[in-house]
Structures are given as C-alpha cells and as structure tokens.
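Across the two complexes that follow, chain A remains constant while its partner is chain B and subsequently chain C.
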Partner chain A sequence: MTEAALSAPVASPKVDRERLTAIGFVLPSFVIIAGVFALPLVLLLGVSFVDANGLTFANYKRLLGAPYYLWVIWNSLRLGLLTTLIAFLISYPAAFALARARGPLRSLLLATLFLPLAASVIVKAFAWTILLRSDGIVNETLIALGIIEDPIRMIFTETALIVGAVNIFLPFMILPIYAIVAQLDSRYAEAAATLGASPVVTFFRVILPLTLPGIIAGVALAFSLSVSAYVVPTLLIGEKYPTLATTIAKAYLLAREPGFGAAAGVVLLAIAIAVVALSARLSREPK
Partner chain B sequence: MTRAAIIVCWVMAIGLALFLIAPLLVIAAASFSPTPVFDLPLTGASTRWYGKIGRLDGFWPSLLLSLEIALFSTAISLVCGTLAAIAIARGKLPGANVFATALVSPLMMPGLVLGIALLQGFRAVGFTAPWATLLVAHLVITLPYVARTMISGLARFDFTLIEAARTLGCTYPGSVLRVMVPALAPSFLIAGIFSFLASFDNYPVSIFLADVRTKTLPIRMLQYIEEAPDPTLAALSTLILAGTVILLFVSDRVVGLHRMAGTSD
Partner chain C sequence: MSEGSPHLVVGGVSKRYGPTTVLDHIDLTIRRGELVTLLGPSGCGKTTLLRAIAGLAQPDTGKVELAGRDITNVPPHKRNVGVVFQSYALFPHLTVAGNVAFGLKVRGMARREIDIAVERALSLVKLGHLAGRRISALSGGQQQRVALARAIAVEPDVLLFDEALSALDRKLREEMQVELRRLLQEVKATAIFVTHDQDEALTMSDRVAVMNKGRIEQLAEPRELYLRPASLFALNFVGLSTRISGTVLSADNGKVHVETKVGRLSALGSFQAGSPVIVAARPEQLRIGGGGETNSASGRVRSVVFQGSRTLVEVDAGAGESLLAELSGRDGAIPDVHDEIRLSWPVTETFAFPMEAQA
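So, the complex of A and B:
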C-alpha cells in the first residue's frame, strides 16, 4: 500500500486544521488585495461606462475616436518603448561587467544601483531639471568641450523626458538581468567555443537564450513603469507631451470628468495587464 | 568572452554607474549653492538653505503625515504579508500560487490607475477621512514588497528545523522565536525598508486621496518645485537622500546588498 493511501481519509482532523490555519494566515492579506485592490479596479471599469446620462460608451468613443487622444496614447507608448529600449541597450552589457566584478568594486557598483532605486522619484526628476537647464551643467560641459557653441534648449523637450525616464527606470531593467547573469555558468560558453562556435554564434545561441528570463523580467518592469509614469513627464516636459497618465490626473483633479478619466485608466491598465500576461507567457515557454 | 566585448561591458557599467549617481550628486551640490539660482560648479558654499527647510509652507505637517503613513502601513503589511507568506510556503493552502501572484500584482499596475480606482471605491462606500484613506491605500502599496521578499525568503527556510527544535525540548513559540525569527530577520529588514520607502515616496496614489490640509511630503515637494524651485528644495532632497543612504548602509552591514539583488552568493 502506498503512503498516500495510508494517510487517507483525506478529511482527517489534522489536515483540516492545517488548512484552516493556512486560510486564517492569508485572510488579512486577502481582504486587503480583494477589498482595496481588486474591487476598486472592477468599480473603475464600471465607472468608465458611465457619464451624466447614464450607461454609455461615450468615454471610450471620445478616447479612441479622436486623433488628439490617439496621439496621447501613442505618447505614452512611445515613452515606454524608447525608455525600455535605451535602458536595455545600456543594462545588458553592463550586467555582465557587474557579474564579473568582485570585492569592493562590486559593492560600489551595486550601491550605485540601489541608492538611486531607493531615492525619491521626485528628487531625481528635480535634479534633472537642474542638470538640463540652458545654463545647467550639461550645456556648460558641452560648450566647454567645444561640442556646441550656444546652449541648446533641453529641458521641456523629448530628449529631457527620455534621459530622465531612462535614468529613473534603469535599475528596474538591470537588476533582474544581473540576477540571471550572475548565476550564468561560464562553462556553457566554453563548451560552445570548444565545439567550434564563433563568439557571435555562442552569444546568440547560448548566452542570449540563457539570460532571456532576466531580459523578459527587466523589459516588463521597465516598460510597465515608464508607460504609466506621471512625475517624470510632468516635471521634464510638461503640457506639450500629454500622456495617458497626465490625462487621467487632469480628468480627475481639474476637469472633474471621472467617467473619462476612468476610461483612460482602463486603457492604461489594459496595457499593463497585456505586458504582464505576455511576459508570464514568454517566460513559461520551453527553450 | 572576447576582449572587445569585455571592454564594451565595462564601459557600459561605468557609464551607467556615473549616469545613475549624477542626479544625486547634483542635488547635493546644489543644496550648498551660495545664490538662489543653482550656480554649478559652485563658486562658494552656503548652508543657509538647510535652515530654511523648516519654514517651507506646510512642511512639518506633511513630513509628519508621510512618516506616520509609511510607518503604520509598513508595520501592518509586515504582519499580514509575513503571515500570508508562511501559509504559501507551508504548501497547505489551496491555490497558493495564484494567491502569491495576486499579492505581488499591484507592483506591476500603474499607480495612477490604482489612485483613481481607490478614490472611486472609497467614495462609493462613504469612506472619506483623508488620513485613514491614505493609510488603507498605502497597505496596497507596501504589501506587495513585503509579500515578494518574504515569499522568496521563506522558500529557502526549512520548516523541519522547527520540528527539530521541538524534538529537542523547545516549546512551539520558543522554537519559532529562536529558529524561524533569526533565519528570516534579513528578509524582514529588506521588506521593511523597501515598503517604507515605497510608501514615503508615493505620489500617484496619494494625490487623489489628499485634501488641502492633508498633503503628504511628495505632494508638497512637487508643489514647491512647480511653484518656486530654489536651493531649499535641494537641501530638503539632500536630507531625504542622506536618510536613504543611512538606511541602505545599515542594511548592507546587516544583510549585504547583493542579497537584495536576488543573487544567493
């Protein structure tokens, strides 16, 4: 007789009590997630179908039918895509150097990742407004180096926005990649080389597939954070680059149009859920 | 790796380190600016802006409010999140994986959307007291950090150690206190620090729940920056940064930064 059969009947008092204890342990967290997260989001979905005249699709028609708001949605996506792409191009090679670093150098490099991660987003965005002013350090350095002659206008341009966003969301990209690269067994690459693979082939056929889980996690995090960023566009570019996030804030805080704001919120939420679902699917797929 | 690839990796890593740290150094330098404009490089040094922080309009109530909300929400989340993580790690909970995903899912959701959803939700049930709504809302901000850290911390904990301690004559509460608590202390500290910082720095959720008299520090700071940015703000930012540095330094001494990066060595 197997052990499983011996431990039957299933509904023994001990199993019951353990299960009840487990349910009791998760109950407070369940109440918070259900009551203060899931239910309000469902309610928001409901509000997005309501306006002054009752049930309606008008909010979505306004959001998805007007060229202006399609441009706003594109602005959000563009911010997310550019930030994610640039952050990835910097992070991926840097993660390999970080994984090779030892001793005090590794501590120093990790500190430069964690300190900005722990620092306030508002403080960092404020720092970029100082750095990028026309009489700011970046301009004066470029002039001193002879690269430009007159100060160029950087603050309140898309360049400023992307530089600030990459700066703020970079740690979210590099940390998951670093966590995977640090565990990478260098013997795989050596084996590939022994079997006659060129460095390029080794990279694309061995290293890249092995580090893919870290890339997926980093891209998903950096994109979902930058596509919905609010403080960064508000401080670094302002009114002329409206995004879904700034549209939501305006609808609630200034225009008092909760239905329209909710519809914009649902669109932003749908983008975030799509990214999460896609990354979960990609990281489950067998190699 | 080829030599060229290694050089590219190092150039990127050093560039990245400088790029990430630059805004923090600039804020610190600007806080000592001798003039009201941010004259960099500095032509002198002045500490007078630090003295002016306390006179910023509405500064003290906002600082106190942010500290209260961050401390209380972190404390509640540490208790709830750790209990949930224990139940998930023990494996006696039906649907544990789904629930674990649900617990950390607010991390991936746009903060602003959560903010308006909570505003609608609280209004619908007539829950409008700003302090209490902020606290309840910040539970959703802090709980995912605690759950994520404690679930991965407990995944490495061997629950049979508690049984072993009991076999050796320890009482059940005694074995939890002397075996489980010390083993989980590093995870607990990391969870606490990150959830405190997440709450203390939150803007997108708080902005929809605050009113004229109840404004958290990030809301106040954004308002100062938009109205009249001067080195006083840089001084305030520098103090917040200094506090963060101390927190990280202490946690590095206690548990090591590389553990936060998710590597085990």
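So, the complex of A and C:
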C-alpha cells in the first residue's frame, strides 16, 4: 500500500508514455493475430449458420441429430482420447528417462524425439502403411520367423490408426512434460522422504502434482492434434472410420456443402477448446 | 531415554564417490537435546555426513544408530528425521499449512490432530497468521520458518539443517541463529547443523565438529574450539590468528622453545628438537608493550582496521612474518600505520602445530 502511495504521483505521466510505447509494439502482432486467426474463425462460425436457403440451424441439426454423425463425432473423440491416453502412458516415464539421461545418451534421445518432427505427417503415415500392410515388413518378418502362417490384418484397423497416431503425436506430449521434469528439484522428493513419505506416496503427493502443468500442456497438445487429425485416419484406416476432420474435407471437396463443413469445424473446435480449457482449469489450483 | 545418554551414534562411517573419499571413518556421538554443528569448507564431507544420517546417502561402511535403533539400512521415510534443506524444498503446490501437515498426513494422523499440530508448529515459528498462504507469496525468511515448522511438526528424533540459514541475508541470518537456538532448546530438539560459517557454528551449537577432507579434526565446545584448537586447520578455520613458522630448539614440561625469524618464542606443545612447527596465537592475546615471561616480537604497523568495539592491527614483523593484534581502545592508544611497535602475548596462550599439517 505504501509502495503504491509513494510511486503513484511520480509515475503517472511516465506510465502513460510507457503504455503507448507498449501498445505500439503489441499492435502489429495484434493485427496479424486478428487477421490470420480470429477473422477466419468468425467467418467459419458465420458460414456454419448458412445454407442454400439462407440463415439456418440446419447444419447443426443434421450434424448433432443424425446417429451417423454422432458416430463420426464419437470416432474423433475416441481417436483423440485413446491417442492421448496411450501417448501419456508412454510419455511420462519417457520424460523422466530423458531428464535422467546424461551426456551423449541424452543428445541421442532428444534427437530421436526431434528428428521425426522434421518429417511430414504424410510421410510418417505412409511409412506406417508400408510397415503394417499384408505384405508389409511386420507381417513378412513374422511369417519368415514362423510365428504366423498367414498375414495378420493390421492396416485399416483401429489398432493401426492408434499406433500411428500415438507415434506421430508422441513428441508433442513428451516435450512439455520433459520441460517440467528436467527442472524438477530432486530435493522435493528427498524432503518428502524425510517427512515419512514412501516412494509411492511421494510420487502421488509430490511428483505428480508438481509435474501436472507439463502433463496438462502435453494432453492439450496431443489431444487437439489427434482429435482433428486428417492424414492419419485417412491413410491408416480410411472410409470405415470417418472422423470430423474427414467429414469436413468431404463436405468441402466432394459434397460442396461449406455450411455443413463449417458446422463440423465448429464442433471439432469446440471439443478441442473444451479439453484445453478443462486442462487449464485443472492446472491452476489443485487444492 | 535420559538426557546425556547417546542419542545419535555414527560409527566408522565411510563414503567414497569414485576415487574420492568423502567420509573417512567418521565417529560421532550426540547426546539427546544436543545442538551440534558440522563445520568445514565445501567438499569436507559435512553435507554427505548429514545425508548419511538422513538416509539420503548410503554409507559404504559403518553404522548409524538413532534413539537406540540401528538405522543404517532403514530407508529415509522410516527414520523419523527432520531435514531443513538449504533451498528449503517447500512444496510449491501446497499452502504453508499444507506443507507443515504433509509429514503428519503421510503418517496417517487424524485430521483434527493434524490441525492442532500444524497450528502449534506454525505458532512456534510465529507464522500462524500465514497458514493459508501459498509458498511463492512468502519471503526467504518466512520460507525458512515454514521449512523449520514442517520438520518440527513430525517430532523427529533428530533435526538436520543443511546450510539452512545461508540463503538469508546477513542481518536476518544472525537474528535467526539466536532465535533458532532458543526455539530448539525450547522444544528440546536434538539437532545437527551443517555450515561453513564459523559464526553460525559458534553461536548455535553446544559442540562443533570441525571437518576437513572427510574427517572430524576436532569435536569441542565452541569456547574450547576457539581457545584450544586441536589442529592448524581448526585454528585457521575458526577465528583469526597470528602464525609464525620456526624450528623447535628444546622442549620441557609441555612447552617448546622455538627459533623463528622474529625471535625466540615459547609455546604449549611437545615436539622433538629440530621439528618444523607453526607457532600461533589468537589476536586478542597480543598487547602493545613487552617483556617479562611473555612472547614478544616487534615490527612496523601495516594496517589498522577499526571494527567498532575493537581494532585489528596488522604488524609487519619482517622476514615475511606478520602479527595480528586485536586491541580494545581501553588498553591504551591505538597505533598508527607505519608506527614501530612491540607486541607481546602469554606463552600459555601460544600454540604450536606440526608444519606438515598445514592445509
């Protein structure tokens, strides 16, 4: 209180100038964000309420009323949730291993994590089709080893879809968790131990809560990427597993129904935002 | 267990990290209710010894007994020790009360009892009004108190402080030293402090263990440590001193007579004639003037440093030797720089140490 009282009369003209300067710096980025991100979203929202007869709720009624499209939405959610869950189960221990690793091993592990990011999603998805198809490497190896006689159907199954999606989106889960784990002070665990907490209790009461921000960032990233994935389901499972993303593409490219595609886009966006918002809420006060 | 009986016994504890011996057969016995400091420079093994007692570092050999129980192979969470870390290591996701309650919760104490214990621990460190605060909203001094309350709340058999005050600024640190000692005596805690700060060691402890190169060089009460250092290292590490090298001429009745570059000096100790030694005395023993049965040397005043109640005078005694005197203005005039003066000090306050022990 005294601080404010002391600084207020002196600082006001200076603050105004500083504020103007700050606005001057922020304005260009603001314009770019508004033009490149906000405006298209507003347009998308607008278009979703339009069909051949003008303003309407028909696009949403069709999307949320038909069992087929509810199934499509469920497919997207399923893809997002399964990918995120499995990616988390792999990422969490992986992030600790990465943080513990020293020297060349750490560089190697980080490189294996970063390099795939440089390759296009299409390339990686195609790589999985080559691995998983009936005459693919996995089947041929299993046959050659005498473990199976006939090729197992792997490509165009949900398993293939989830395996591919987990592989492709894994780095987006590991990196935020690793960033938190790497700076986690080992003294926290030691303090918990000296206070009487067993390693298991320490994990659940100290380590997990302290790494929660990383988990939440990773979940938000991996989920929003996988729930809206287009290339991965198209190449690894195809027609029999329509998702919101493939539905949007179909509506724009084949059916020429931009209103319906926009509505699907809005629903997809709403799902992603809901998950991210929920994550942000969880990360704030875990008390 | 009665007071005065052994409460914590460290027996023959050694620890190596690769080729480095960090702890070299440490023996240390601490009585119940005693406050002991492990004092030494960084790398002397004091923190490793503390961690070995806490169970955070496993010794290669030796045993640790606490409250009559062999805890050598007991994991830290079953040892009932309290540790206050240098960085405090307060849990940032919990409130002040949440941190203090942590140890009680994991012990499965009833909620009501926890509330009472937390309140008591926080009022002990005078932070009862901040129970609901987040850790990040506290000052360094407050965090230090929370860390202390958290460690005390579980009523540990021994409290271990790992450079716990060193993150505080000087004034706060000195206040905390006095307050902490009073508080620990109040709750009758047995505590071990690890520090490299000699003032902290002398202020807070019943006994001080001076550590060097993985060994305890001297374990003594602060007063005895200062007045009767057992080694040159202990002499150097605690307090200031005048140190002059020389060769023993003769020895009699626990005294040695030493030929030095500033003249013939006598000191307590027994060495064979011809041994190279360091003769030393504390600065407050040196007085201006000379003669009689005392040691004395003369030289030119190199510097005069006024320190309030006393003044430190450094004298160049020639031949690369110097004398350090601490004079209180009452004894007489304080000399000026470049004055030629003679200083004398009693033989009974002069120590001799073997030369090769110099660290």
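One rule holds in what follows: the second predicted complex is superposed on the first by the 255 of 287 C-alpha atoms of A that agree within 3 Å, B and C clash if a C-alpha of one lies under 4 Å from a C-alpha of the other, contacts with A are read in each partner's own complex, and residues count from 1 in each chain.
Rule of thumb we're sticking to: a residue touches a chain if its C-beta (ideal position, glycine included) is under 8 Å from a C-beta of that chain, and two chains touch if they have at least 3 such contacts.
Nothing here was measured: the structure is a model prediction, and the numbers come from that model.
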**Message:** Taking the superposition on A as described, I'd like to know which of chain B and chain C A:Val47 touches: first, second, both or neither.
**Reply:** first
**Request:** Between chain B and chain C, point out the one touching more chain A residues.
**Result:** B
**Message:** With both complexes overlaid on chain A, does A:Val231 touch chain B (first), chain C (second), both or neither?
**Reply:** first
**Message:** Output check: A:Phe30 vs chain B and chain C. Expected answer is one of first, second, both, neither. What do you get?
**Reply:** first
**Request:** Have a look at where A:Phe57 lands relative to chain B and chain C in the superposition and call it first, second, both or neither.
**Result:** neither
**Request:** Tell me which partner A:Asp185 touches in the superposition: chain B (first), chain C (second), both or neither.
**Result:** second
**Request:** Once the structures are superposed on A, label A:Val123 by its partner contacts, choosing first (chain B), second (chain C), both or neither.
**Result:** first
**Prompt:** For A:Val206, is the partner it touches chain B (first), chain C (second), both, or none of the two (neither)?
**Reply:** second
**Asked** For chain A, which residues belong to both interfaces, chain B and chain C?
**Response** 199
**In the complex, chain B residues that touch chain A** = 1-2, 5-6, 8-10, 12-17, 19-24, 26-27, 30, 38, 40-41, 79-81, 83-84, 86-88, 90, 92-94, 99, 102-103, 105-106, 108-114, 116-121, 124, 136-137, 139-140, 143, 147, 193-194, 197, 200-201, 203-204, 207-208, 218, 221-222, 225-226, 229, 233-234, 237, 240-241, 244-245, 247-248, 252, 257-258, 260-265
**Request:** Name, in rising order, each residue of chain A that touches chain C in their complex.
**Result:** 185, 187-188, 190-199, 201-202, 205-206, 209-210, 212, 286-287
**Request:** Would you mind writing out the residues of chain A in touch with chain B in their complex?
**Result:** 15, 18-19, 21-23, 25-26, 28-30, 32-33, 36-41, 43-44, 47, 90-91, 93-94, 96-98, 100-101, 106-116, 118-124, 126-131, 133, 136-137, 167, 170-171, 174-176, 178-179, 182-183, 189, 199, 203, 220-221, 224, 227-228, 230-231, 234-235, 245, 248-249, 252-253, 258, 261-262, 265-266, 268-269, 272, 275-276
**Fill in**
In their shared complex, chain A is touched by residues of chain C numbered 54-56, 75-83, 85, 87, 89-95, 98, 102-103, 106-107, 150-151, 154, 160
